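Input: structures, listed below.
Two complexes follow with chain A in common, the first pairing it with chain B and the second with chain C.
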Partner chain A sequence: MLPSLVLLLVFLAGPIGYCVYYAFTDMQLTGAVGTHFVGFRNFTRAFGDSDFLNAVELTLLFVVGSAVIGQNTVGLALAVLMEKASKPVRSITSGVVIAAWVLPEVVAGYLMYAFFYQRGSLNAILHFLHLPQQDWLYTLPILAVCLANVWRGTAFSMLVFSAALGDVPQELVEAAEMDGAGPWQRLWRVTLPLIRRSILTNLMLITLQTLSVFGLIYTMTQGGPGRKSETLPIFMYQEAFNDSLIGYGTAVALVLLVVGALFSVVYIRLLNVEED
Partner chain B sequence: MAVTESPRLERPRPLPSASRPGWSRRGRARAARTGVNTLLLLFSVLYLVPLAWMLLASVNAHADFTLSVPHPTTENFRHALNYDTTYRPMLNGLLLCGGGTLLCVVCAILAAYPLSRFRSRLRRPFLYTILFSTGLPITAVMIPVYSMFVQVDLIDSMPAATLFLAASALPFGIWLMKNFMDGVPVVLEEAARIDGANTMQVLWRIVLPLMWPGVTVVTIFTFISMWGNFFVPFILLLSPEKLPASVSVFTFLSAHGETQYGQLSAFSILYSLPVVMLYLLLARRLGRGFALGGALKG
Partner chain C sequence: MRTRLPVATGIAVVATVLATTLSGCGSGSGSSGKTIKVVYQKQLNSSNTVQPDYLAAEVKQFEQANPGTTVKLVPVTASENDYYTKIQLMMRSPATAPDLVYEDTATINSDVASGYLKPLDSYLSTWSDWSRYASAAKAAMKYAADGKTYGVPDNTDTRGIWYNKALFQQAGLPVPWQPKTWADILSAARTIKSKLPGVTPMNLYTGTAGGEQSSMQGFEMLLYGTPAAGNSLYDSTQQKWVVGSSGFKDALNFVQTIYHQGLAPKAQDALSANFNTELNTQLIPEGKLAIDVDGSWMPNSWISTGQKPWSQWQNTMGEAAMPTQNGQGKGKVSMSGGWAWSIPAKAKNPSLAWKFVESLETESASAKWNMVNATIAVRSDVAADPKYLQALPTNAFFNSLVADTFYRPGLPAYTQVSSAIQKAMESVTTGQASVDKAASTYDNDVKSVVGADKTTQDAQ
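Let's turn to the complex of A and B:
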């Protein structure tokens, strides 16, 4: 017990406490001698900073688009469809989806960079289908990183939902079928209500994961072009290291941490409900 | 559980499907299955394209963004397989992640045992804190960690980075480990205690041998997540000769003005290989959905 406590206190609780302290100072990388307590100035500055607000907006887009809508829905759809598919198809699909998940973050970023690149595979496919092409990483970088995150992260939701669907008692589904419910009605009125809790916990977990994605976006676009794909983690990194404003960067980190903490609390409440 | 809240089925329904004209029930089921299969295969192809591109580019001497290999070659791999490009980053990764994993697993075992076995008033709050910290975005903590490490002169130190990696993986490790430990029956322990074994002896001789599968899962899982971690070594380590593969991929991308996509793909494959193999081991051993049981069940 003791070693864990020491590790956790020194390396997790410590930095978090530090984070709270630094967020209220004007610490800079250059000449850290003149670090002063500045109260809430970092926060008022952040909320008046159009680049910060831009990052907040992009983070929201990224989390809602790639986690809540993308990974969650695609994962559910895959899990539902795979129940009905034949065995070889099921293994192929889960194989490729999980492969994308297992690859290290940076490799996934590199592959997605190549996929969305102007002369990359996506445009080749679109050309083949006679659809309009785009320079994705330049015109729609946030969409590109969202789709990349869906590509990489869907396996998690798929596994959660497959496990949940496996627990749904078949008698109930069959009873609904006997009563004449079509496939959609069975899904909406029987299956989904039964796995409601899995859906909620999954949503919490993927939201938390997506909130802190850094490597994927950094390898694909570095937040650019301009600031068009600069989510909060990237913004925080740029402020702290490229602009040497550690205090300001930490204030942003604290905002991120608080948002994460709120989601974490909701997640625990959900688990708690399940226990009772 | 939720089964009791069965949906309302008593509403009037249309007549059973058998009375509808046209396809038989079985014929429709078959058609539906074909449709589902086609849809999933199309989806898989879309998923496969980037992976296939990497595999093809790695054996293509003049790789660009198209999916083609005129003459397969091992040139890219030969270029990538040298000390500076591949062996050293992999070795660094092994030191960082191996050390971090070992530390994390040992600490997790020691912390999980009292949490799983002894009731105390601190147990619940502690468990909630652990669960709470598994949810915190570690990315956000990196900047204060950086400033902290600068002040105590630990930047660019591999042992310090290892310690931090271990600490950041610890909450989830403890949580998983505790759930596995709960599955070990207490009866055997009591017998050992009557024979005069102390707590440590019980833990190492009785409990652990019974939960090797669980320990393996936590170990492999921790290692995989550390191996893929980019941000932590990216922030905490500076010298090129200390960087693990996750960061050196990146220097590869930006350092050479003209990126050699073939060599980069070859390197990416080499770098991904250990975790893919570990994952296969894990999946074969425990079936699908292995680690999620621990993450999602209270």
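Let's turn to the complex of A and C:
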């Protein structure tokens, strides 16, 4: 017990403590030798900074679009369809989907860059089909990174849902079938209520994962053009390392931490409500 | 340093929270009494090996002349902005600080202010070659607050206009060409656009992906050509940063004009991180770009050892000085920077590092470096060396611009002001903001960086 507590303090609580402390200082990477305590100035600056608010907005869009809606529903759909599929189809599909998931973030980002890039494969396909082409990374960067994140992260949801579906008692489904419920009704009224805890747990995990996505977006767009795909992690990186404002960047990191915590609290409360 | 451990941990936290793939910033130090670590930037384009090749040869020579010593070259492969960040992170801690570091002269002052660099005066006072260095270059190495010198520059550069003579002739434009005003540049670009479809009329670097090249080769070449000239970005008499100036808006307006009227590359190309390489190795050599506002080092890419050997460049490319806005003042403008060798404050073996600098900066080594790297010499003896002047036919022209050149304000806040400039350019280039909106965002950014009391309204 004690050794693990020490490890936890040194490697987790310690750094977080320092991080919190820096968020209240004007520490810079270059240009200033001293570091001073500045109270809440970094935070008031952030909330008065239109670029920060833009980043918050894009982060919420990214999380809701790619995780809550995208990964969650696509993962569920795949898991439901795979239940019915034959074994070879199942292994091929899960192989492909999981491959996207195990790829390092930067590699996935580069692949997606090559896919969405102006002269990339997506436009080549559209051209072949005589459909209008788009410069996705330039005109719709946030949509492109959302789709990339769905592609990359769906496997996780699919695995969670597959496991949950496996635990649904078959006799309940069969009973519903006997009572004349169609496939949609069986899914909506029997299966989903039975796996709702898995859905909530999955939502919480993918929300937290998506909040911290950095490499994927940085490789694809660097947050641009302009600030059209600059989510909080990218904004934080630009402030801390490009503009050398470590203190301000850390304050933004802390805000991100709080956003993640808020999401978790909401999900955990929902889970508890379920239990009551 | 009291804050050493916290700093390192804090950075680690930020990095972890980001879940980035930031590669480890420098391995443990290998310095001992006879070993030094030398850090320099290796460009992302791996085919550019001019500096690695040159340094490897110099290291071999140095190790032979000083038996038992080892010089470890530590190339940092990164874009320019990431390179600054990485060396700053390395210099923070004695465990990772190199013994010698190659720095952009523009970042030296802010690194001195951070306490990262060691003054070199005690070495320089006994080094007779120092008297051969151009005084402007020496001045750029001095930190105003203590009057000490923190680097030995090994090259400088100037900027002007490159134009494709063949394309100009096809479009019926005069060759040689020397525009007198910004309007002359625009009118030549419009002629190219109407006469030569398929050719991009002109390039001016823009946006954040281009980093400092957008600010310096791009925006500042315009801004310093407005009537406020040397006081257009930073008013040195008042010691304040200039905001709300009409010159700033005029320069932004120029950027907007060329990107919105199809006189420049498509915004999505210009804003991509690899645009520079595409420009040097494809657009210009393949005759797809007529005018490029760029630096003296351009032939670097085209010489036989460059990334895109192009023997025809001397006959094809012409050079012109960048004109001032309305031809006022001396009628031309240029910006200069350059790179220098500095010794970090936390270096373990500064005296051996200095010895290596001396051997890198002899007249012959310096001449060789400026020749292979196609840079402008900072030593008077090298600048007058016929071998150097003949090495590239453009050396004489770009050397002549030194008389009308400006250096960027060597102040800690410059990097952040520069990044505010890039953002303003990018928002105008993409059409996300009007010139007025982008200029007022810039004003606010500068005020929040330096404090409103350190800014002044329009110097004109």
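Here is the rule we go by: the second predicted complex is superposed on the first by the 252 of 276 C-alpha atoms of A that agree within 3 Å, B and C clash if a C-alpha of one lies under 4 Å from a C-alpha of the other, contacts with A are read in each partner's own complex, and residues count from 1 in each chain.
Everything below uses one rule, namely that contacts are C-beta pairs under 8 Å (C-beta built on N, C-alpha and C of every residue); 3 or more make two chains touch, one makes a residue touch a chain.
Quick caveat: nothing in here was measured; it's all calculated off a predicted structure.
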{"item": "Touching partner for A:Tyr18 - first (chain B), second (chain C), both, neither", "value": "both"}
{"item": "Touching partner for A:Ser212 - first (chain B), second (chain C), both, neither", "value": "both"}
{"item": "Chain B versus chain C as contact partner of A:Ser121, first or second or both or neither", "value": "first"}
{"item": "Touched partner set for A:Val160, first chain B, second chain C, both or neither", "value": "first"}
{"item": "Which superposed partner A:Leu256 touches (first chain B, second chain C, both, neither)", "value": "both"}
{"item": "First (chain B), second (chain C), both or neither touched by A:Met236", "value": "both"}
{"item": "Contacts of A:Arg45 with chain B and chain C, given as first, second, both or neither", "value": "second"}
{"item": "First, second, both or neither for A:Ala176, with chain B first and chain C second", "value": "first"}
{"item": "Which superposed partner A:Tyr138 touches (first chain B, second chain C, both, neither)", "value": "second"}
{"item": "Contact residues of chain A, present in both the chain B and the chain C interface", "value": "14-16, 18-19, 22, 27, 104-106, 212-215, 218, 233, 236-237, 240, 246, 249-250, 253, 256-257"}
{"item": "Chain A to chain B touching residues, read off their complex", "value": "1-5, 7-8, 10-12, 14-16, 18-19, 22, 27, 78, 81-82, 84-86, 89-90, 92-94, 96-100, 102-107, 110-112, 114-115, 117, 119-121, 124-125, 151, 156, 159-160, 162-163, 169, 172, 175-176, 178-181, 183, 189-190, 193-194, 196-198, 201-202, 204-205, 208, 211-215, 218-219, 233, 236-237, 240, 246, 249-250, 253-254, 256-257, 260-261, 263-265, 267-268, 271-272, 274-275"}
{"item": "In the complex with chain A, residue positions of chain C that touch it", "value": "3, 6-7, 9-14, 16-21, 81-82, 84-85, 88-89, 107, 110-111, 113-116, 207-209, 267-268, 271, 273, 412-413, 415-416, 419, 423, 426-427, 430, 432, 441, 448"}
{"item": "Of all residues in chain B, those that touch chain A in their complex", "value": "2-3, 5-9, 13-17, 32-33, 36-37, 39-41, 43-44, 47-51, 53-54, 57, 64-67, 103, 106-108, 110-111, 113-114, 128, 131-148, 163-164, 166-168, 170-171, 174, 224, 227-231, 234, 245-247, 249-250, 253, 261, 264, 268, 271-272, 275-276, 279, 283, 288-289, 292-293, 295-298"}
{"item": "Contact set on chain A toward chain C in their complex", "value": "14-16, 18-19, 21-22, 27-33, 35, 45, 49-50, 104-106, 118, 135, 137-138, 212-215, 218, 222, 224-228, 233, 236-237, 240-246, 249-250, 253, 256-257"}
